[in-house]
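Order as written gives the chain letters A, B, C and D; numbering starts at 1 within each chain.
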Amino acid sequence: MIANPIPWPNGARCAVAMTWDMDADSAFNWYNQATADNLVAAQSWTRYDPLIAIPRLVEHFARRDLRLTFFVPGWVIEKYPAQIDLLLEHGHEIGLHGYLHERSNEIAAEDERYWLDRALAAYEKQIGRRPRGWRAPSFAFSKHSLGYLLDRGFEYDSSLMGDDIPYALREGASGRSLIELPVDWTLDDFPHYAHNRDLGYRMPIAAPQRAHEVFRSEFDAAWEYGGLWISVWHPALSGRPARFKAALELLDHMHAKGGVWFARLDEICDHVRQLIASGRWTPRSETLPLYESPLPEFARDR
Amino acid sequence: MIANPIPWPNGARCAVAMTWDMDADSAFNWYNQATADNLVAAQSWTRYDPLIAIPRLVEHFARRDLRLTFFVPGWVIEKYPAQIDLLLEHGHEIGLHGYLHERSNEIAAEDERYWLDRALAAYEKQIGRRPRGWRAPSFAFSKHSLGYLLDRGFEYDSSLMGDDIPYALREGASGRSLIELPVDWTLDDFPHYAHNRDLGYRMPIAAPQRAHEVFRSEFDAAWEYGGLWISVWHPALSGRPARFKAALELLDHMHAKGGVWFARLDEICDHVRQLIASGRWTPRSETLPLYESPLPEFARDR
Amino acid sequence: MIANPIPWPNGARCAVAMTWDMDADSAFNWYNQATADNLVAAQSWTRYDPLIAIPRLVEHFARRDLRLTFFVPGWVIEKYPAQIDLLLEHGHEIGLHGYLHERSNEIAAEDERYWLDRALAAYEKQIGRRPRGWRAPSFAFSKHSLGYLLDRGFEYDSSLMGDDIPYALREGASGRSLIELPVDWTLDDFPHYAHNRDLGYRMPIAAPQRAHEVFRSEFDAAWEYGGLWISVWHPALSGRPARFKAALELLDHMHAKGGVWFARLDEICDHVRQLIASGRWTPRSETLPLYESPLPEFARDR
Amino acid sequence: MIANPIPWPNGARCAVAMTWDMDADSAFNWYNQATADNLVAAQSWTRYDPLIAIPRLVEHFARRDLRLTFFVPGWVIEKYPAQIDLLLEHGHEIGLHGYLHERSNEIAAEDERYWLDRALAAYEKQIGRRPRGWRAPSFAFSKHSLGYLLDRGFEYDSSLMGDDIPYALREGASGRSLIELPVDWTLDDFPHYAHNRDLGYRMPIAAPQRAHEVFRSEFDAAWEYGGLWISVWHPALSGRPARFKAALELLDHMHAKGGVWFARLDEICDHVRQLIASGRWTPRSETLPLYESPLPEFARDR
């Protein structure tokens, strides 16, 4: 089923990285720049994430001895430093997730760079080192993003959707590359739970057991075929009690099945780099940018 | 699971407030101000609420000796006084829900005040006292709402989404506060049942048993972890026979499980105030407004 | 559960009218007036209704000795006369459904009248008598519709959503009235099955067994409480084999439960009129128009 | 259930053609002509189709000795020739699917012709012969399409939705015709799985077992009544491991049931032509164009 199977550590059948995007009120502000100050219910809803869900997640993952990856925008790092400290104290990885959850592929290249550097500054000031991983807010990875990330020493990205296992993103011009740890909307919780006009999302709300049919079927396939299961969950959605209980039950299911490598994304990145260095496995490589401009086929004077 | 657990009366495991928003034809008029007079099917659909569903609800809750909270816009109080009397005679609480289901965070501050005072006048004229609780129509709580509510003596709000249990809303400037009894779209019935172009909602329509998977999973979690379950249901949706039957079955499930405190929101407000006064429990407090203006980060001349 | 229970014939527990709106390509043309000639896939999809589904329905209902009500726009009557004849030969009722599936509440009053009279002419020419019942296309009943229908001798309407059982629509000015046999989006098949950009509908497509959870729960409640179950189904959707098989299974379920009066809407109308005439039951009455104009509360100079 | 039942080969109860639309990044470019170069996540998601899913599909269908039909745009044939070769080596049919997934009914007739000829050139150059079958991208078959297809020697189309079994499309002016092998949105995987803002689709994501309730119910009905089951699946959606596993399980279900003719569309086309030639069965015929222009009923000066 998987063409170029990756050997997971200790003969594990698959890897599971339950990652969380701790957006707090950043995305909501980005999408409502002129009116967010007046949308108090959405403010409260988005702040459930850092104020209520994050401590809950930390407590329950500690009980299970799990260390996960959380992607956090720089502005959120600045606004909720206690939560960042709590995550770090418990061994979680903080990946970078923009500054204000900006859509990098809808803004000018210089603006993308501006927000990225501001996010990095916030990260370094609070955390004291540079991040190793990046997830583009809203998966809005631009044609400039790879170069900017490489320039700033990022080692992996987790925003693209091109495979079931890790692969390499290679910058065509320079030959530099980083590791892509791919995601898919299928393992995002927004399509199942998000219903909020102020976030521009009005999905029918699934019961936890229905949403987890999706998440579990993806896990079962990863387990059967040797894949990489990466959730993209949001504390304000999947951190609510009924849903988080279902998430813990999914972990139980994974544990019971056995042969699962539970890992942070930085650990998966390290593993991939070691495989490459030792020559045990070579990832598929994609070269970016795929297009430098809109397709010439659409030019008016064809 | 809940960081600052609230002691419920008589050692109950959780509190359940099955609240209903009796919008009747108010919201439909607000959203179709220029054309509502010509949308006769939607008129009939929205009036099912006061004319058919309200007497049904009153009868069945009386049989079960339940007294609930209904949020009603002032204009609906004026138009359907017999239904208001019926609700009051059976011990239900009437909370205020705007005048014409206005979206307070999309209108000028003076307009918000105008509608609020007109709603209060309608309430007092019909009911003879002031309301204790408020739910912002469409959850559209503005940055001015808290001050306006405090000025007018409201004791609690039930529009925000920042916790699983009651918390305090504190006005930064004055230090005054009221009790927040939080909701979430997850316990609203619109995402499951609403399909009506004239209301701007076209969700796939869930069977009662599917919608109740969501409502029940939220209850089961509240019961397990000590939460507060507040439904935001609408008589024109959940008051239809098949759905109302499912709602009654959910009540049976709750009763059978035991240890549930069924309460009106004013009773929960009283309980919270007594806990505070006696020093037995202190709610988490949120200070408003969170922002006075759009984020300066978005200013053009950054 | 039902405040003013209606006695059904022979002590039946409930009435079932499985009605179908045979729109064929009318609605699709109305909604794509400038481009429909170029939307060939939608043309084929909408013509599945008269060309494939209608003969199928007629055959299977004949086997079960069922006579139903079909609402058909005048333009469809003109274009598909063989199907109309087939329906009539098998004892089905043809109700009127506009001329070109026009949205009567979005056009001028004189245009509403124009299409209505053109539809009536088409009906009379093909069928040789006047229709007894009306369903407004898209349920878009206008504030003028009741008067127009009364002027033209209609005896019942089936477009409004104000009750679980028949009621009376009374014209305020004249005191004339007709019988309303109410529907609800819940028993329409569009929210469950319709996914077609050219019809402006993109719902997730439910399996027949899931859609029928909704339809059956509504039936079970009608059976338990004495209601009137009226489906609003479309041959191009519910007439496809897998879905029609589920519809037939629902009929089996209804038969097995027993005590169901299967009827055409004209028969239900007759029954209601006889109840009224004999004084055995009086329907609730709604007076129209509810509003003559937009609410004065919204006037600028309030 | 089916009025004019078609005899399938060897007395099979039904025919199954599991067809796939290998769009790769073509549709995404068409719908985002000015911005696609900057939408890197969508690029990666759409390229999962040729790079990951196609080899997987080929391998698993080879194991089951299945030869299927894949519809591929000309631009995709040019960009991914190795995948085309792989498909052809394994006996799969390549049908044509536009050049850049253009919506033929939204562009000028001369542009439709331009893209069609460019697509044909790409097909012939890579594959060395002309395609026998066509599926209009996005099912956007225009009123000109039939003539253009006939002029270029196409033998069948699989874009329209007018029946449960094959039928004939006849060009009114010339009397020429081709075979229509009809589809329906019900057997497309987009309504169940597609959630991607850059493709303009945000459906709730169904679990494979839920989506397959739909696909299987359609198969079971085809099997019971003698129909033709044609899936319209996309490698980037249904080619993901969990979903593809479900697809393979559906094949198991079909095999276990027995009496199924698994065929490519060209084989079904051949079968239909032989039936016609031998006089054993005559398909229903639809004449196109249905309308030459918008309906005169809508003319302003009616």
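By our rule, contacts are C-beta pairs under 8 Å (C-beta built on N, C-alpha and C of every residue); 3 or more make two chains touch, one makes a residue touch a chain.
None of these values were measured; they are calculated from a predicted model.
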| item | value |
| --- | --- |
| Chain labels contacting subunit A and also subunit B | none |
| Chain located farthest away, centre of subunit A as origin (C-alpha) | C |
| Proportion of interface numbers common to subunit C and subunit D (over half same, under half different) | different |
| Fitted rotation between subunit B and its twin subunit D in degrees, CA, nearest 5 | 180 |
| Centroid spacing, where centroids are CA-atom means, of subunit A and subunit C in whole angstrom | 49 |
| Chain centre separation in whole Å, for subunit C relative to subunit B (CA means) | 35 |
| In subunit B, residues with contacts to at least two other chains | 203-204, 206, 210 |
| Touch relationships between chains, expressed as pairs | A-B, A-D, B-C, C-D |
| Residues of subunit B touching subunit C in the complex | 25, 29, 33-41, 43-45, 47-48, 51-52, 55-56, 60, 75, 99-100, 193, 195-196, 202-210, 240-242, 244-246 |
| Subunit B-touching residues of subunit C, taken from the complex the two chains share | 1-3, 105, 136, 139-143, 145-146, 159-164, 182, 184-186, 191-192, 203-204, 206, 210, 213-214, 217-218, 220-222, 224-225, 227, 284, 286, 288-295, 297-298 |
